[in-house]
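Quick notes on the structure that follows.
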Amino acid sequence: MIYIQRRENFSASHRLYNSSWTNEKNFDIFGKCSNKNGHGHNFQLIVTVKGNVNPETGFVMNLADLKSLIMSNIIDHVDHTNLNDDVEFLKGIIPSTENLAIAFWEILSPAINDHGAYLHCIRIIETENNSVEYFGK
Amino acid sequence: MIYIQRRENFSASHRLYNSSWTNEKNFDIFGKCSNKNGHGHNFQLIVTVKGNVNPETGFVMNLADLKSLIMSNIIDHVDHTNLNDDVEFLKGIIPSTENLAIAFWEILSPAINDHGAYLHCIRIIETENNSVEYFGK
Amino acid sequence: MIYIQRRENFSASHRLYNSSWTNEKNFDIFGKCSNKNGHGHNFQLIVTVKGNVNPETGFVMNLADLKSLIMSNIIDHVDHTNLNDDVEFLKGIIPSTENLAIAFWEILSPAINDHGAYLHCIRIIETENNSVEYFGK
Amino acid sequence: MIYIQRRENFSASHRLYNSSWTNEKNFDIFGKCSNKNGHGHNFQLIVTVKGNVNPETGFVMNLADLKSLIMSNIIDHVDHTNLNDDVEFLKGIIPSTENLAIAFWEILSPAINDHGAYLHCIRIIETENNSVEYFGK
Amino acid sequence: MIYIQRRENFSASHRLYNSSWTNEKNFDIFGKCSNKNGHGHNFQLIVTVKGNVNPETGFVMNLADLKSLIMSNIIDHVDHTNLNDDVEFLKGIIPSTENLAIAFWEILSPAINDHGAYLHCIRIIETENNSVEYFGK
Amino acid sequence: MIYIQRRENFSASHRLYNSSWTNEKNFDIFGKCSNKNGHGHNFQLIVTVKGNVNPETGFVMNLADLKSLIMSNIIDHVDHTNLNDDVEFLKGIIPSTENLAIAFWEILSPAINDHGAYLHCIRIIETENNSVEYFGK
């Protein structure tokens, strides 16, 4: 088993807000992250795939394939969007970094299995100080 | 003359949109940067100040003072905001990185002069690939 | 289970020195790291916390809470200090990066448990080439 | 158990090419990575070693020893070389990042055991977007 | 006047070698950079363009245009190549970072002028320790 | 004219303290930077040299020469030291980053002239947020 990692970036806005709470409670919990008009980040998405090395290629999985899989399934849907309003697969979810990681896992894991490899980890870097890792259930 | 640099970060959303144009023309020029609900970035603001070294301190300007000046005049107003809607001093301006740099210069230059030093450059890093520098008129 | 990471920085000096050895033996083992007047680093402390996502917040743990916990328990005690002389909880310990990681774990682990989450890893980056990870006993 | 990491860099060229295939098939699979005259990277090699902390030194392993072990066993052989043609221990191997990680593991693991510690992971960063991790068989 | 910067990366191999010298003299001057089969780098190219801000767009120059100009004129010709053998516009030039910067300037400067802006600086980062800047004649 | 940059790192401790002031005044001005036992940083020194490109080498100045010049004149004297107590050429100077830059300039400028090139800038990065640039008198 060997692990390969591919990074893709996206720039998006979001607002942390629980619609079943008052604005006051939202501000108590989420602080300025709950500001009405949102804010944004340059998110880095790092996808780790594990598998055996194919002796004919020296690859676990062709990075060109992994890249296009990440682009078409995730980046094309989230880059330069508002994560609360614009992304079909995030509807009804508070777009915390944790929830993004879980949502991306659900989409990417079967797509990577189709290429004979296994999704190992979704890492999302939100700022230089904050990040999240998810290894599936 | 010596030059000192202080970096402060802010996370914000924006939308590039000229309200005197049709949506189609906006999309032609600004592409996905004109998406209706905006997107966002982790902006890095790097302020360069020049001056002589005070022999009693070894400082051009106390970085603690420079930091609080940048925080109170800029970061407190733009961090975790929507730059189109939430920032008084950006009203009516397309919040391109170029225009942010010019607006920040107008505010910081006199504030730094009050400390006996001179603003030399406003640099804003929008993404790891894109940045802007402004040295005043 | 999901993992969140928070980075905080501190700048400190230290000297690697075993007081039960001669200066010569210290220099043999620690080289210039044992220089009498010490040296220093910008240390990066990366704390990984694991737990379940709270469906009301989308958070494993509020990063604002994690940040203040790291600040009050660790950074306020070590930032801009000499790690050999100034830090109560490091007294009698050779302040190698390994020993810092273990000492920080002992303090942070119970504090994070009090917030219903679990400390997973203490990572300390000493220089761009050297770092340490500790996952507890 | 505690984990220490040491980074060393090397600059090398390589070509991804399977000599049992036609040039067309090589281009289909490897794209521009199979260009006849090769291309190159600044590779970062991050070696993670695990072990117990020696109470006399505060070290898992002296980083000066780890550094010279990595330099003499790996970097001196691969830095400023062509990985296809110039490196004895890579002869006959397609120099993908995966295969580099496995080849480096085979060499470094016994060398680190001789110092009373254990190799835990070989990580190679090929570009800011692509990396590989190998934890042994 | 305001300055905008766009970064694009390319991975290439090169060999520093003066064909009018003996191999011995090449090794004396260029060291391992003159190894027969070459070596390689992840080069970062940072292009700085200056101009006035267009009040209709808030832009000095549309970064999408600047990006495609850099891609079609430079990156498409040098990425995943051997700079000594594969690049028409580098024929007969020792591909030092200095000479790359000058060659890129000659191509990009008129192309940027055609967009009503001015090339200000070509910066090439060869490794994390080495870089070059050229501001034209 | 073309500009080349070489980075070298050093790890050192220092204390900002004006011995003609009371401890109280030192703390008022320098804050925790005046703590009695000092603190430390990983300093990055970036030296910019300007000159004409030698057509025989493609170099402004051989980076191997520039590196050894920086090592023997600066890094060997300041790395793993206490800048207040251990460095002959800093005696009697408050070791602020500004003063380090000026002191390094005085030493490196004539040494670089001896190689037929010109020192253009000394940049010192003290932390990821603070840096200084000096271009000579």
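Lettered A, B, C, D, E and F in written order, each chain numbered from 1.
Following the convention adopted for this analysis, a residue touches a chain if its C-beta (ideal position, glycine included) is under 8 Å from a C-beta of that chain, and two chains touch if they have at least 3 such contacts.
Note that the structure is predicted; figures quoted are calculated from it, not measured.
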Chain F and chain E - chains in contact with each: B
Inter-copy rotation, chain C to chain D, in degrees (Cα atoms; steps of 5): 120
Selected pair, out of A-B, E-F or D-E, that shares over half of its residue contact pairs with B-F: E-F
Interface residue identity across copies chain A, chain D - same or different by half: different
Chain separated most widely from chain F, comparing mean CA positions: A
Distance between the centres, which are taken as Cα means, of chain F and chain C, whole angstrom: 28
Distance from chain E to chain A - Cα centre to Cα centre, in angstrom: 34
Touching two or more other chains - residues of chain C: 128
Pairwise touch network: line, ring, star, complete, or other: other
Every chain pair in contact, whichever chains are involved: A-B, A-C, A-D, B-E, B-F, C-D, C-F, D-E, E-F
Touching residues (chain side chain E, partner chain F) in the complex: 16, 18, 29-31, 93-99, 101-102, 128-135
Interfacial residue positions of chain A with respect to chain B in the complex: 9, 11-14, 32-33, 35, 37-42, 79-82, 84-86, 127-128
Contact set on chain E toward chain B in their complex: 1-8, 48, 53, 56-60, 62-64
